[in-house]
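Next up, some structures in structure tokens.
Shared chain: chain A. Partners: chain B in the first complex, chain C in the second.
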Partner chain A sequence: MDLERSVGIVETKTATLGDLRLDNGSVLSPTLIAYETYGTLSPAKDNAILVCHALSGDAHAAGYHSSSEKRPGWWDDYIGPGKSFDTNQFFIISSNVIGGCKGSSGPISINPVSGKPYGSSFPFVSIKDMVEAQKLLIDSFGIQKLFCVAGGSMGGMQALQWSISYPDFLTNCIILASSPEHSAMQIAFNEVGRQAILSDPNWNNGLYEDNASPRKGLALARMVGHITYLSDDKMREKFGRNPPRGNLLNSDFAVGSYLIYQGESFVDRFDANSYIYVTKALDHFSLGKGQELTKALSPAQCRFLIISYSSDWLYPPAQSREIVKSLEAADKRVFYVELNTKEGHDSFLLPNAKQEDVINGFLKMPVDE
Partner chain B sequence: MDLERSVGIVETKTATLGDLRLDNGSVLSPTLIAYETYGTLSPAKDNAILVCHALSGDAHAAGYHSSSEKRPGWWDDYIGPGKSFDTNQFFIISSNVIGGCKGSSGPISINPVSGKPYGSSFPFVSIKDMVEAQKLLIDSFGIQKLFCVAGGSMGGMQALQWSISYPDFLTNCIILASSPEHSAMQIAFNEVGRQAILSDPNWNNGLYEDNASPRKGLALARMVGHITYLSDDKMREKFGRNPPRGNLLNSDFAVGSYLIYQGESFVDRFDANSYIYVTKALDHFSLGKGQELTKALSPAQCRFLIISYSSDWLYPPAQSREIVKSLEAADKRVFYVELNTKEGHDSFLLPNAKQEDVINGFLKMPVDE
Partner chain C sequence: MIASKVLSSKTLRERPDFAYILDTISPGSRVLDLGCGNGDLLYLLKQKGIRGQGIEKDEDAIVECIRKGVYVHHGDIDEGLSHHEDKRFDYVILNQTIQETRHPGDIIKEGLRIGKRVIIVFPNFGYWEVRFRILFQGKTPVTDLLPYRWFNTPNLHFLSVLDFEEFCQIRGFTVEDKAFFTDLKQVRFRANFFAKLALFQIR
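Up next, the complex of A and B:
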């Protein structure tokens, strides 16, 4: 544990918030939001940054839950004292999305009506709903305006949605490795994951018990997903055609045993229903293209930083450029950087001095520039 | 059924051939090979072309099995009177690979010792073994030298293997959308497919009954595979973000219901064990890279035509260029074309006037050129 530039030991808290009317008409009551904060909220409450996580993320974005935790939060490379999201200056809020399974309202939550977990009776959740839930949380802090909303992949969709759902509520918006809507191929990979879960005999229409969950289906979904987060080059460098190390685990190749391990460890920390809900939220998110997208983004008032990654074939740079083009057409202030990386879609999560520089520069720019 | 340029009604025959000692030391006895032929073998037996199929293909490469068959063989666009592989001129032989499930010896064959299907007790089969089995078939025709061996994807690996297993047995070699070895990513996608089958409760260590086979696992494997055979662009054009047509089939999107349909229809025509055997043959095939590959290819004496496709991200053009580079380094005669297509890996199977021209030109070139 390197504590020099770390936010140190942190804790996930849960806020019990009011009713939330969802896009589909259902009402969530109460709305539970798991969150963490790093840094100190200024007296004027004008230094808050909301970071939004991706598909399998959670509220634990930085620091450690205990001194024995092996790995810090998922964006610890960018959040901390002296880091891009500098906790000496900013108050960082990270919350788990609704529909997820890391403390916010979702399929594993207890349905107050039945006294049992919702399972697949949990209502459909959209990216916009996730943002609405985050808004309840931000309001609970008495914050009138966020200095920035930032996120990669699904987190980028949330950030983009923030900019148009609450145009006068954020000064800056940072969108990494994201898209204004999923392409057919992105939907296709998610669909295979969902079908793997639905094909598991333990699926039981989403009403499985905790000790008989569709583990194999969820593991397969994660394996497929994991391939798409990496790049051909990165996999070549990491595994090549090497034989497996350690246990054979049913694969003749290192890359196979790695994927099997990733799949199996994922099911210990994620819920199959949530996987379906959250991937559907991703697939259904659509701000359109071209003129339609330009129109959708026209309410935005914040300043944008869009970052894409040369090796990201799942959310290719062309999707980021669509956002940029439409923002420019709508006469918004937008900065765009395509970083040359080889780590694929995961690039936005990984240490990258250039990415730090770009985010630092963006956040330090005078607001009226 | 367009019979003008078709080979017409054809029949898959089965040759019962002698013993075959496999790469792993096992002996296949007898060796059954399902095959079709189109055109007429010349008296000098010097006009034979062997075409080799890909992962899910079979011996039925051209023509129709009956007047009611809806679709002709898998390479009918290129095989027939006046087509690239012109049956007015050439005698085309197409055979099913061993390890497969379309008539040649494979896991669904009866093990003469037990009187029951081999299932997962069928021996491991390599690409080289597939070529050895084809050699037995070619020998049975009394052919001394093939005018050409041609194939795409796994068929290209077989063609490449022919050129070094039997250097003086072929005049020309055509390799489409192929690779001298699978990358980590190619292995990874196959591994997910295999794991999907292994995760199916009907798997039973590969000793399943025909009426209780791992259908769901095999369907998932096919869904994953199918995504990789297409391109992002092609899927966008074909499906976009459209809702499903007809039955919902558990998907919110057209691309999802298409994949589900592809998966479900595949299990009616393919065996799960064969899927494992053949993908393992693919993953284990390795002629190396650079100098190692150059050395592996040094015995070849034939003339090569290598074709790759701009949109093929599963077998990217760089893999074809590796073959070309090593052939050139080994001072072989090689022609290389990268075709600009948008259909992804499937491009080699699809009608393409440019591909026709290239193959026609290659086959018509004087042999000593």
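Up next, the complex of A and C:
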């Protein structure tokens, strides 16, 4: 544990906020949001940055929950004293999304009407709803304007939605490895994952008990997902074709064992219903293409930094360019860089000196330029 | 911040073309710099209150631009600028870019669609030193403005002042202004022979 540049020991808190009317018309009451904060909110409350997580992420973005925790939060390389999101300067808020299973309102929450977990009776949640819930949280801090909203992948969609839902509420917006809408291929991968869950004997229409959940289906869903987060090069480098033994009954390739391990460990920390809700939110998110997208983005007032990664085949650079071109067509202020990486979609999470440089430069720009 | 300012004043002294462009464009204008490199020119324009934006294909140069706070798009200008509206910019600049593009005519035409004026700066292949190198060495010239060898040059085209004037005539571009430079000063006499660098403003 390198505490010198770490935010140290942190705690996930839960805010209980008011009613939230969702996109589909139903009302979430109360709205619970799990979150963590790092750094100090300035007296003027003008140094806050909201960090949005990806599909299976959570509020734990930096630091450690205990001295025995082996791995820090998911964006620890970028959040901390002297890091890109410098906690000496900024007040960082990382909030968990609604619909998930890491402490915010979601399918495993107790339905106040029935006294039991919602399961699949939890209302449909959109990316826009996730943003609305985050807005309630930010309001509860008394913050009038965020200095920046940043996120990768699904977090990037939230950041993009923030820029148009609340144009006057953010100065900067950072979108990494993201997309204005899912392609058929992206939906297809998510559909395979959902079908794996639905075909698990324990599925029970989403009304499964905690001790008899569709573990196998969720593990399979994660395995498919995990393939898409890596790159062929990275997998080749990590596993190659080793070791092929030709055993029909066991997983005989290293990459297979690795995926099985990833799938099984995921089941212990994620809920199958949440996987369905969150992937559906991703698939339904659509700001359109071409002129439609330009129109959708026209309310935005903030500055944008868009980053894509050469080896990302799940959210390829062309999707980021689509956002960039539409922003430019709508006459917005935008920086765009495609970083040359080998690690695939996960690149945005990994240490990268150029990414640090770019984020630092962007956040240091005077507010009015 | 201090470091980039030192760099900028040095750059300006060594780049009479930058100084000329800074003089030409008035504050409040909007500029698109095609092939903006590390953003030095855009940074200077920004200091003068000119809203600039660049396109560049080199990753390190892009990182440098963002560090300077210069709005930049990582991409290839040969792959289209079609998303930009007609006459969105007051000036489109191609500073030592045109010789590296696959289809210079198309790029300039596109530049004239999205910009009211296009400023083109290129190394003059008619410069006396270039001519002498070919004549006396019999080899593809390597000079400070054409610093590459034949096998590693990004330059696809080699053009002189006369070539470009002829090109403007053929394509029907109106030359509104031109300026020629050697190392630190402007050239006003027999430009195609004495100028290392040529600047044309067309419409």
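Convention: the second predicted complex is superposed on the first by the 363 of 369 C-alpha atoms of A that agree within 3 Å, B and C clash if a C-alpha of one lies under 4 Å from a C-alpha of the other, contacts with A are read in each partner's own complex, and residues count from 1 in each chain.
Basically, a contact is a pair of C-beta atoms (placed from the backbone, for glycine too) under 8 Å apart; a residue touches a chain by one contact, two chains touch by 3 or more.
Just so you know, these numbers come straight off a predicted model, no measurement behind them.
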Query = Is A:H182 contacted by the first partner chain B, the second partner chain C, both or neither?
reply = first
Ask   = Touch check for A:F335: first (chain B), second (chain C), both, or neither?
value = second
Ask   = Does the superposition put A:R269 against chain B (first), chain C (second), both, or neither?
value = neither
Query = Is A:R21 touching the first partner chain B, the second partner chain C, both, or neither of them?
reply = neither
Message = After the superposition on A, what does A:S199 contact: first (chain B), second (chain C), both or neither?
response = first
Task = Please work out whether A:K116 is in contact with chain B alone, chain C alone, both, or neither, and reply first, second, both or neither.
result = neither
Query = Which partner reaches more residues of chain A, chain B or chain C?
reply = B
Key: On chain A, the residue positions that both chain B and chain C contact, one per complex   = none
Request  = Mind listing the chain A positions that touch chain C in their complex?
outcome  = 305, 321, 324-326, 328-329, 331, 333-340, 354, 357-358, 360-362, 364-366, 369
Task = In the complex, go through chain C and note every residue touching chain A.
result = 46, 53, 59-60, 62-63, 65-69, 71-75, 83-85, 88
Ask   = Considering the complex alone, what residue numbers of chain B touch chain A?
value = 181-185, 187-189, 191-192, 194-196, 198-201, 216-217, 219-220, 223-224, 227, 230, 232, 235-236, 238-241, 250-253, 255-256, 259-260, 263, 280, 283-284, 286, 313, 316
